[in-house]
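Each of the next two complexes has chain A plus one other chain: chain B in the first, chain C in the second.
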Partner chain A sequence: MTTPVLSVANLSVRFPKRYGAIDVLDNIALDIGPGERVAVVGESGCGKSLLGLAAADLLPPTAQVTGQISFRGKDVRTMGRRERFALRGAGIGVVYQDALTSLNPGMTVGAQLRQVCRLGSSSTPERLLVDVGLTDTGRVLRAKPHQLSGGQRQRVLIALALARDPDLVIADEPTTALDVTVQAQVVALLRELQEQHHFALLFVSHDLALVSELASRTTVMYAGQVVESGPTTEILARPRHPYTAGLLAASVSLEERRETLTPIPGHVRQPGEFVAGCRFRERCGNARDDCANRPELAPDGPGRLLACFHPVAKEEETP
Partner chain B sequence: MTTVDAPATTPVVEARAVVVDYHSRGHHTRALDQVSLSVEPGETVGLIGESGSGKSTLARTLLGLVPPTAGEVRYRDRDVYALGATARHRLLGRDTAMVFQDPRSSLNPRLSVGAVVRDPLHVQRIGDREAQRVAVAELLESVGLPAALARRPVRALSGGQLQRVALARALAVEPSLIVADEPTSALDVSVQAQILNLLRQIRSTRNLALLVVSHDMRVIRFLADRTAVMYQGRVVEEGPTEEVYTAPRHDYTKTLLAAAPVLHRG
Partner chain C sequence: MTTAAAPVAPARRGPQGVHIGRFILRRLLLAPVILLGVALAVFVVIDLSPNDPARAALGLFADAQSRAAFAAENGLDDPLLVRFVRFLGDLVRFDLGDSVVRPESVGHLVGMALPLTVQLLVLATVLAVALSLVLGIVAARTEGRWPDRAISTVAAVFQSAPQFWIGLLFIQLFAVGLGVLPSGGYQPPSAGFSFWFSSIVGPAIVLALPFAAAMTRVVRASVADELAKDYVRTAVGAGVPWRAVLLRNVLRNALITPVTVLGVHVGALMSGAILVETVFNLPGMGSLLITGVNQGDLGVVRGVAIVGAVAFVVVNLLVDLAYLALNPRSAEAAR
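Right after this comes the complex of A and B.
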């Protein structure tokens, strides 16, 4: 087996000052192989962005971390300062939701790209812009972020993330602030670039449809715990965890016109109010007494992991 | 639109060849270009388009908030902009309401939930204090919130609860028309489902005209009887929602539909 680009195992994160002994991320496991596209989905407050930050080695100093985050087989937390800096700068590229706040508003796009390329890149600012589909390079290089459209800015951000030839790109809701047609273009671009450059992609999103278009494997999170993971099409066609099934039943879709949607009752709690055991149990129709114990993430069919004592029955199709 | 068979009812609101120009520092932008659109009583109309297509400007113009450069807006067959500003706002303020995208920025976080819902009643001088208190409790319950929530501060509520409060406030004056501008875009999937169901339920129990502005075709398809597609300040296609979705005629509508992410399930 090849070494995964990113391997997260038994990862728990606490913020002692704010939430005391509560694991805001609780025993997370996630592997991404070279050139693989993996999605993390869940509602806001499920810890998916925090996991993205942990994977990028960008957790704030107030975080108390246990477990392993390995990059190309080496534990990030045993690395020296220099090595970690190199990892964050060159090994991992990051694309966030809001390009306007990610870019420096006072610097031209050219200056920002040159600054990154100078640190070592197989490409040039011009070539990077062409790669992300901004062919009017002269104008874009001279422009400041506010002079570009939202879609153009997001492309610039992707160019910056790719500048140092990373092995892993983490894209956290990269298209949420964009219009549908622009969103479709940016998603297509991400997929094209990924196929060309073979970087591994960690895609964080709340949109199941978008995830199904981009990721081959999906990890579903709820309240800081991984509830289920496996091949994306399998998970969406035959969800096993009641939370995944609930998300699907609540989604408005373009394909099927439903008369009413089935919302999941209640809402995601703040970490201070997480219940013990399975954290979804208070919103779950299948919950019984034993759910007060924490279900372990265990194999459930080929390539799938599940953490649930009372999953959705296998033959049952989703509503 | 030229309607061949004149409908039996008068539209609640109707835009006729409306043009809106925005001016700033010598530049002028045509935000709406000869737009016509009507909303019948009890009907839900979806307005879809991308940012900058003019959909929010149209919504505001229909509510009497943006005087058009040319064309007219008729509210229950009265020319809205022929009225003075005070008369216009009295007419529309009493009979229309708006729900915005993000309740955290559209509702005052320092007020109590009760004060937020009571405010339109107070401004419109509907009922005395006691009648308003009873009305607030009923309104909260009609959107699925416990009446006791009236005493809680706005900032203590979740996003989904706040959007319910925004709806209760909109319903306070018993309007004939509610304009909802991206009502669920800021919400999570399962909360979005709750609010969308609630909107449908309110619409059917109150015989209310609803104009839903959104860039999300999934939301419009779920809610709207009729859909108008806007592009660069014009309505490029308009018709029964199912027809617009299943047999789009304009190229731009086709592009929009093709761009929407589709759930692939094996």
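Right after this comes the complex of A and C.
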């Protein structure tokens, strides 16, 4: 097998000042091959965005990181300053969640693109804008972010992420702040750009419908832990972890015309209130006493990993 | 080439240009109105003062008859409104009237004193801005660590210390103790740069210190706020070097608040100049005002007050325009 572009192993992140000795990200493992599209899904507060930032080496200095984050086989955390700096933008590009705050309100789009392109790019600000579907380049380049629509801003952000021809693009919920129609356009755009430029894509989202369109493999996270991972079609068709099944039951699908949605009871706890053992057990219908121990992530069928003592039965399809 | 065509948002550039033009026009039209109000206030307040110009001109022991004659001669008996209109008329012709004590006209006295005060204020502002930018940025970058704490503590001390006291300590240290600067007096630039500079740098530093202290705290808070924003992460994540992130991306946004504070502090700086000129014995506007008050020379007091008020209004207009340049959206908000 070729070296993965990004390989995360035993990754734990703590914020000692805010949450003390609690692992906000706990023992995460994730591989992304060259040109592969991988999704990370979970509810808000599951640590998906944090994982994205950790992978991009952009965590705030208050974060305490243990484990390995390897980029093209080299551990990012043992790299020298120069090498680590070269990774930013050129190795890994990030599309952030909130395009309005992620763009500088005081600079024109042109100035923001130029200062990144100047660092080394195969493209120009104009070409990048055309690539992301903004054809009125003159106007967009002169505009400040607040003069653009939400969809346009998100496209600019994608252009910024792609400006330096990265091998890996991390898209951190790039569609949350957008209208549903624009969401679909942005996802289509990401997919198209990925097919053109062959970068690896880590797509962080809570939206299973978007994930199914985009990612070949999916990792499901709950409360800072990986609960299940495998090929996207498999996971969506036959979820094994009760949390994944719950997410599926709670999501809307027009085609299926289901009468009622089944929400997962409760909510994700703050990291300070994570329970020991399986962190999902207090919301889980299958939970037993042994769930007070931490279930290890173990192989479960071809290409699949699962961390659960009492998974959903294999035969049982989701309702 | 992409299947997903961009949604076309209406062009919003045009209306914003209109906002900015309208904003500037309104400020420019408003300035004369403010000045008229200021002139009226200055005139009325000084008119209400118990000082009698006749007594100031003719001496303490002048009799009532000669005082009345003096008043009639100078139109002091006319109704307030008539005198105000006359004062305005003179003002428009840049005539500030006569000093009743000294042989020179008020315009001439102000013309002599103003350059010194302007030099003092400009130098103090430059020093304060430079100092507060450097210290504020250093403090923001080391937030919570010792350089930040040291800078914040020193800033708090200087912000709360009375200016005359700082002035006296300064003279004690640099003039009396070290003997590197003169203890007072003014040398015009024609006397040579080093003489001029050493005569004015001390007062300028004393004037700048409390101002710099206040500004440092504002710059620190503002830069720290700005550094925590998402777009900084975007720039850093794209590989933009730190120096460029700070200077080209952050500073422009971070300066919006300090520029506003600068405008507010100009008034304090001007009244500080009165004190500092007195402490350092400099013949500027402040000294002119103090002697004017002491001698009951209402013409001089009025002249200094009017010039000071005009300068304040003009500086604030400039600050507003600088604010607008930094933050074009304020034009829309100020509609």
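Some notes on this structure:
The definition used in the following text is that the second predicted complex is superposed on the first by the 319 of 319 C-alpha atoms of A that agree within 3 Å, B and C clash if a C-alpha of one lies under 4 Å from a C-alpha of the other, contacts with A are read in each partner's own complex, and residues count from 1 in each chain.
Following the convention adopted for this analysis, a contact is a pair of C-beta atoms (placed from the backbone, for glycine too) under 8 Å apart; a residue touches a chain by one contact, two chains touch by 3 or more.
Computed from a prediction, not measured in an experiment: that's the story for all the values here.
Looking at the superposed arrangement, the partner reaching more residues of chain A, out of chain B and chain C, is C. With both structures placed on the common chain, the touch criterion links A:Gln183 to chain B but leaves chain C unconnected.
By the touch criterion stated above, A:Arg155 is placed in contact with chain C alone, chain B being left untouched. In the superposed model, A:His206 lies in contact with chain B only, and not with chain C.
Once chain A of one complex is fitted onto chain A of the other, the partner contacts of A:Ala237 are limited to chain B, with no touch recorded for chain C. In the superposition on chain A, A:Val130 contacts chain C only, with no contact to chain B.
Shared-chain residue A:Gly246: touches chain B; no touch with chain C. Of the two partner chains, chain C is the only one touched by A:Ala163; chain B is not. Once the two complexes are overlaid on the shared chain, A:Val268 sits against chain B while remaining clear of chain C.
Residues 182, 184 of chain A are contacted both by chain B in one complex and by chain C in the other. Against chain C, the residues of chain A that register as touching in their complex are 56, 58, 85-86, 88-90, 92-94, 96, 98, 101-107, 112, 115-116, 119, 130-136, 139, 142-144, 146-149, 151-152, 155, 157, 160-161, 163-164, 182, 184-186, 188-189, 192. By the touch criterion given at the top, residues 1-9, 11-13, 16, 229-231, 233-241, 244, 248-249, 252-253, 326-329 of chain C touch chain A in their complex. The touching residues of chain A, counted against chain B in their complex, run 43-44, 150, 179-184, 187, 206-210, 212-213, 232-234, 236-238, 246-248, 250-255, 257-258, 260-264, 267-268. Against chain A, the residues of chain B that register as touching in their complex are 50-51, 158, 160, 188-194, 196-197, 200, 215-219, 221-222, 242, 245, 255-266.
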